[in-house]
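Presented sequentially are two complexes of subunit A, the first with subunit B as partner and the second with subunit C.
Now for the complex of A and B:
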């Protein structure tokens, strides 16, 4: 009896969804790989094999965790922010712009690192806040607006690195790529163990902070109140416009900070499409976490290592890394489908 | 000189607008019934892949077209399973489908066609209409295009008739606005929405097939590269109307073709990125009601519970 109940609960949890998708991914690999053990070994090497592999995976996980945290924070207020990709791009672009175009790099006390990162967070926050404002003032569905804003942000980044007047590096030769110049050394985030940068420490602190904010603060409770029942929250005197915009600002700021980390900790210059795929991965992490900040970190690490493993598998065993992409799609679908089972279970309870 | 550029511009506007038009009209039918399919992108990509696959295997572009429609309808069917049967979150399941389709078509393309992107398939050629294709300006713009272009007005008319001149169309529009009332009247919301999503699948399939069968006779990874999202934006900018959607698709097509012609026109102050992002800006302005009044179906993206 007890076992049956545990099994049933597991089958409708995120872990169950991930497990099902992982099995499907394994099946897909078995079909595609000339030798499954070789492919798995290459996957493990890519994910955990070297310090470099681990560091790259953790850096990726840090970005995904921030986007995921932003997602669950807005979702607390029943706002679906699917524009993490665009907020990430805006954050990275503005962080790069501040690092390159101002004299911030000479500042002492770590301000050279903190100011561009904060500017990036603000940019991401404003980008999402715009969607919040549109929802409050014009009744625009935030799903549609954050999606559209994402595309606009990606092309803004493209524009900024293609225009000499904006962030494009000086053309020293005919082969100068449409990218920004490298940011000054002073603005680069320090390393824990190269290539793993200190961002992950900040991310862990933010996980704790978001967790406490959502569970222990008045603001967190208010977000939940408007999320659960906007009408009664309004009657209780809560300002829905202020809370909506605030939740979107905070949500986007987390994603924007992630963009700054990517530029200041890993890539050091701005390229078009630098954030490609990270926003969606972060969204998936947020969805899987079901509102729990610590769980965000778990799934961020899982996806960070999955991606690196997938790349390792492509190089080492000739299995397309698109297998990992497919697997992610299946995870999302499994989670979406699970909702149905959960609802039905809830209804069938006595 | 300027005349030729204008002809090229107009002709490529039509060529680039057609796939968007098919997909957007299809999506319009779904949205009118209350379904939001972010998987439109996945449907188009699946069709582009299916078209190349069918054509590659059989040597006939017509077989390719059939396989393309089958592939996109399969994705639409899966989206229907999630949106209608499982009552899952339509946005989340749509994104999941897009990612899965992107992964699977990439794997499929590598497995079938190898890693070099050089392979070509027969595909459809341009179909010049005798007598009309020699007309000045209109000839090359309208009457020397692929068969898809000539099919577009017919499809648009068909969609308009379905939505506004038939009984199922009436029920369909009601299902997107007042599903409860439709349910009370004895009609099945599920059946109506299945009809809508299958129409969307077929139309998006036509749009996706254009890419691999008519534009370029090959398949490349992520070939549609966001065309489905652009088509979604066209429905929004078209304010959920047939004529509006057609105009939106043409405007988006013009923006896309203009970015390639700007240098030839001697315009260098306008960054191409601005033109590429313009459709999304216009859609955002439209959906925020800053340009005209918006009227999305009231039950859009809401699962129906009895």
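Now for the complex of A and C:
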């Protein structure tokens, strides 16, 4: 009985939900893996085994955290920005373009790094801001518009690396791939501990900044007000169009910055499909964090390490890394289910 | 059941709307059409079956609603405020249709605010007031006066008369050297609802500084729209709106507040507050410019100011940061009142049904605050369906009927029967 109660209580906390999902994932691995201990060892090696593994995981987490922060910021105003993938792609593409096609690389004081990153953030912001503008002007639902804008963004990246007039590297041989040349060294973000780049520091600062913005600032309070009751907020004199577009700009800018970090901190050149689902995973991270910026960081790290571990497991133990994707799905289901239980309990209370 | 608000799909044709929800077999257009046409003919309802509903007038839509109800062959038909949206000509047609339906042996329950309609079609009448039956009688026996008094009530409902307010102000205005500009001036305003029918029709009204003007009337005669428009949430289709010397005809809610107009909205949950935020946030959301330190909210100052308002307005809550949803209805209303009176009301207070849902005590304090706002020099426009309350505190009462002011009485010369008659549309 005691155990049942503890389980019940655990199941209604986020940590409990994640734990349950991980246990279910373990079960799945036991079925799929030729040898469970081997698989777990490979997972651990892939996720934490080496400094390299940890660094790669943290870099992943940083990208997810930025997209997740963007999501919760817009969600504060009851705007569901599911186009993180596209905003990230725009950010990466513009950052690469600025680094390659302008002379920023020679600039002093870190401007060579900062300017492309800022340009990337602006591009992501404008891409989401477009959805905000459409909503304000035409009432277009931002869920639809951000999603569709994502497809456009992904194909824009594809186009840019296939077109010689745009970012495709010079064709020096028959084998030169349709991707951009490497960005100049000056525009590459330095390392903390390779491969962990210095952008991580910025991400941590941004977590704090978004948290403060949402909880302490006038703007944050206004966003919350239009999110909770737009009619009353309007009556109180708030400008809903301005706040809507502002929230989308900021939300997209965070995702755009994530794209810039991926190019300038890890990949160093632009490939079609470089965003490879990080925007979607980041959206999931934002959803799971349920509006809390610090929690975004926690889930971003969890998903970052899961991804790396999954890749390690596929290489080292022959377990399909799709198991990790399944695991992510289970985490979402568990957290959603926990929310359902919580609501039901809250209702049954006297 | 025919609801007050239409439940038709505008993008479908009349025939398709009529057939919605009737069966799951193959849709046989010709057969359905014949069936509908037979019913329509029986009741002499004339609707264009192949027209899109969005192209129809309000009256035609109403006919479609009623026909949809009739094809199911009901024994009892409930009509909820069917004439609320109709222009006068269409009302006659509808009443004729109602009589025809009754003659075919159906029982008709007609819910309405309009006395003239009752007189013309009702066989029996039941009056509900505050959830209680106050009159039951056969239709033609009841005189209109008796009906009106059953609706508005006879006994004063526990609001004390506060004597001598009006006269004092009038004296002051006569002896004053410079006559201040009117707190509110409405010049021939016209308001249209989404379907384009005139909710307020060429209404002209002046409220002097310090004066409390009551707007009486049966609900649905344009009072709600008037209050919405005055708070900047509904566009004017005609006329002009001035507060003191400022024209607010095309103003946003922020400009209305800045001009010194406080508004207590009729629907406080939809427009007056944000349930998911704290008491202090609800009060100062529109005044954050004064409670900020750089980009940050000055929570300390906000909490302190809220604490003072909680004391002054006797708001029962756990403190300035208590969630708004944790307050009782009366206390929520006090928060709205405190905010609108202290932050916005410098020239005009528009209060729409401010005591709805409040108990006697809260009602009394609410009126107390409204009166003191008037004593401090603001004009007050008080919209209420409680005639007793209006007679107790207003310097003047105007009666709205079908979007117009059809009569007016000043304090000291109030005549309940005459006001009731005006509310029923008898000038």
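Things to note:
The rule we apply is simple: the second predicted complex is superposed on the first by the 335 of 350 C-alpha atoms of A that agree within 3 Å, B and C clash if a C-alpha of one lies under 4 Å from a C-alpha of the other, contacts with A are read in each partner's own complex, and residues count from 1 in each chain.
We take it that a contact is a pair of C-beta atoms (placed from the backbone, for glycine too) under 8 Å apart; a residue touches a chain by one contact, two chains touch by 3 or more.
Quick caveat, the model's predicted, so the values are computed rather than measured.
Once chain A of one complex is fitted onto chain A of the other, the partner contacts of A:232 are limited to subunit C, with no touch recorded for subunit B. Once chain A of one complex is fitted onto chain A of the other, the partner contacts of A:141 are limited to subunit B, with no touch recorded for subunit C.
Counting the residues of subunit A that each partner touches, subunit B and subunit C differ, and the larger count belongs to B. In the superposition on chain A, A:322 makes contact with subunit B only, not with subunit C. Of the two partner chains placed around the shared chain by superposition, subunit B is the only one that A:82 touches, whereas subunit C remains out of contact. Of the two partner chains, subunit B is the only one that A:332 touches; subunit C does not reach it. In the overlay built on the shared chain, the residue A:164 is in contact with neither subunit B nor subunit C. Partner subunit A is touched in their complex by these residues of subunit C: 231-233, 252-254, 257-258, 263, 265, 270-277, 281, 285-286, 288, 292, 295-297, 299.
Residues of subunit A touching subunit B in their complex: 28, 32, 80, 82, 134, 138-141, 143-145, 147-149, 151-152, 155-156, 158-159, 162-163, 280, 283, 287, 320, 322-333, 335-337, 339-340, 343. Here subunit B touches subunit A in the complex through residues 38, 82, 86-89, 91-93, 95-104, 106-107, 110-111, 226, 229, 233, 236, 271-274, 276-277, 280-281, 283-284, 287-290, 296, 301, going by the rule given at the top. Put simply, subunit A touches subunit C in their complex at residues 213, 216-219, 221-222, 224-225, 228-229, 231-239.
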